[in-house]
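Chain nomenclature is as follows: A, B, C and D, assigned in order of appearance, with residue numbering initiated at 1 for each chain independently.
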């Protein structure tokens, strides 16, 4: 629930997580009014968590002030509804991330935070990265902290399980990792640490991630939630045939996405086609599909029975 | 069995596969006399297949003539024993690979071949790579052909499932992929093709690979065979808890290996410690662990109860 | 001069350019009071231009508000002194860069701006990147605009000469490129465009850059200005022997820097040792050399006769 | 001259070096009969050195036996003509390279050898690489040895100047580096060693390389020899304007090459168009330009006044 924070120590994410788009107006301004509609859609899909302003949420294209407004808008929209908000506060640099963490601490309804490291000046060792996130986490002492590892976007190539082991020792609020890097060996090593929740950020690997001990996935589009749920249920019952079939179904959707260029713009178009909500176009330099590509997408979604 | 070739069309690898070391003498020459002892050890571990002269087998450090001798030595050593030989014929270039394929065709006891693409001049498209392997496969018309994808060694970054789809159309003997690249999405896509057997070449991902439809792993050291078997059996029974525990056990072994530098030299030292066979040192530039590292390895293997 | 802006069309950087450090206090806050002292030092070294808040200036570690304050502090410190300020406004995203460009336009004393592209979401084509910088440049219509290409920091791998050719057509204030990427072929191609000033951002390649038609270098530390001047003068006189000797002297300094870990922290320590100004330590995650490393640096600077 | 070997200690390459194509027949076999014609063309262009069977020579696509035949054919064709042969003996592995070096030692007319490191198993340290090439060099004790550094083909990323410093101490025949990697800083450092001749393998950087102390370039096509000579002469006279103009002219040729896909196939087509010799097509997987691309090339060569 949004108004009642779990204690930091006991905090655990339960259930699917959506990484929601940030809605934009025609002129590129943030469109806060779409967010309540998105909350309704998310709940309709029975998704109990949102990871706000990460890579799918395009937090990196927003000013710090806009990020605060968007985070608050999510908290207002959720109100008492059963949706846990994890706010991504990783940003261009330490000072801005600390500012965002400090802000998140004050927003009733935010139940956890997450952050990447510094992208322009990359950390060279796990120690430095832990020092960096420690300062962010300290600004939100009542909020569980998750390290956001996504090497193919940040260019940060660290040993995440070593980092997590260090972090558990020196960051009181450290609770886990959003593991979006693709390495299976790293996932296994992270899961073996104990006391660290590892969240699957690469849903094209969800079933594989389950075998590594990661329970819940971060989804880019709501329509994948029922599929992720089927994968999880089948996996829990040891019905690997069904689990695999559903993962293949997901893969067909991603293949379709990639066939028209991939990226967040395509994901926005998919949700518009399936669920009828227009989140606007991403900010430059994230491209939006052409009308031809949207037509291809539409036919592909029909073929895959999403439409 | 080694003397009776399955028909190409029906060929399917069944069971664990070992990628055996090539034994070297003190002076660096190939030591063919160790091979029969290795066959006995492999059979003792109930491993029914060997993938000869690939990355663990260090085929790339051998002359063409040495490769032929080693392949023949394996065939002689196997004789009528229940060990299927897949010979890697990928090499420096097309002509040498064609020569090796043509030779493999003549060696009684070789039941399939595999090949990487060209490493120095890399293929830029899937079409070119299929054209390349087609010419290799044509030299061994009675042997099933597997494409060997291992991007982190070759630097070849192609869409392997697209390649396999093309290959099935134009290469009569094309039977599958040894998928050592790490991408889970690629594994899922390859497995979805149908009629293409996908072999797991990255055993640190074996359980994840099973969920992608890959049945059998290629192992670098015999002592992992019982663990791989437990993973497979647990997986087949839907006992994911056991499967995951065994994969974590494997991961601990790889973590130990990497803690002393990793690489084939460390694997050679592991087998020497566990099974008592000395395969000699790899050729330059593949390093061998120092005595200090070997001591660390030994204690680690005791801790993990391999010793 | 700082108070009299050249017209955009005629703007051309003349002379060496320093990329000054941003001074920090013990607590990590920006220390604006050091800036006037730095201006005096820069003028003592006869350096006529500063490129403020780029990679050496660590602009990416500052909040937007801090960047505005630092830019203003430079303008105040320069006052009527003969120092041209080029303000780097590239940042985490388009909105913040537009904000910084709009601010720069209002700061009397800023004579040009520069910007990198977006680092987290990377542009995939030259068109998209030109669209991106066009919107930044439009916020400062009276200031000449330079594209800042530095692929090893941003991860943006575009054809810079193609980009510049596009930019000259659609961005009225586009004047040039700060070319910090290392490719000589790209430098030659950029210089061949005509009407585009190409600034050498990789001073370890200064002499090579001169042969590509790039006239002026961006220096990380003031003590290299006399050397750069000697290189330029020798080059202009066709005295390639002297030019080469001086470039080798520079290289010895960089080798020394790299021998203790490299990076901005080492550059800060070098200037402190040579010129006695303490700019404080960089913000996390940029490391500062240990005392041992500083001792090594000191001896090395003595050996190279900088001390 | 070909028949009279200089002493190893005094050996120095003087003048432009051509990296000649290996001619192929329609069926892909090596066509030794074209080589004498190529020698005549090379001499017509006043090129005094050939670097045989390197990257442009596509040695990596030949069997060891073919490489020996080609090397011998060059020696026969050169006979007493003023053309120095440097034979590339770097290959798939140490044993084959040692074999090739040993063979080169016996071929009257070969005056030096060169070798890359191992491509499939890459050396991790400079020490290991020196150990590797030491064993190759030892097979040809009367021939000067050059290390062939070309990181974008081999994937070997070592500090070449450190390697060369080590090599001068332990390899009696070590004479220099063919520096085809692009790093200017590395070139400067290599040239500063003293007693090590550094050859410019990336002719799109020839003028820049001259400023680093590298005297002679390796050319992929004979028609660039007069341009390289003009660059060198202008450079030696301190006429940097002319030197730069000629380098830009070279760059325009490379831009043309790259506009139709680049690679050795395009270079073969260029020489066929300009000099009328057909060297056949490269072996798979090196592509050859389409007829459309050849038409584009032809028009481009006319525009650049090569035709």
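Things to note:
Heads up, the rule we're going with is that a contact is a pair of C-beta atoms (placed from the backbone, for glycine too) under 8 Å apart; a residue touches a chain by one contact, two chains touch by 3 or more.
The shown structure was predicted, so the numbers you read here are calculated from the model rather than taken from an experiment.
Shared contact partners of subunit A and subunit C do not exist in this assembly.
Relative to subunit C, the chain whose mean Cα position lies farthest away is B. Subunit B maps onto subunit C through a rotation of 180 degrees [Cα fit, steps of 5, range 0 to 180].
In a homomeric contact, the two copies may use the same or different surfaces; for subunit B and subunit D, over half of the interface residue numbers are shared, pointing to the same surface.
Averaged Cα coordinates give subunit A a centre that lies 51 Å from the centre of subunit D.
Subunit C and subunit D have CA centres that are 37 Å apart. In subunit A, no residue reaches two or more other chains under the touch definition.
Chain contacts in this assembly form a single closed ring in which each chain touches exactly two others.
Put simply, subunit A touches subunit C in their complex at residues 58, 60-64, 66, 91-96, 99, 117-124, 128-129, 131-132, 135, 153-155, 283-287.
In the complex of the two chains, the subunit C residues touching subunit D come out as 182-185, 188-189, 191-192, 204-205, 207-208, 210-213, 235, 237-240, 243-244, 247-248, 251, 254-255.
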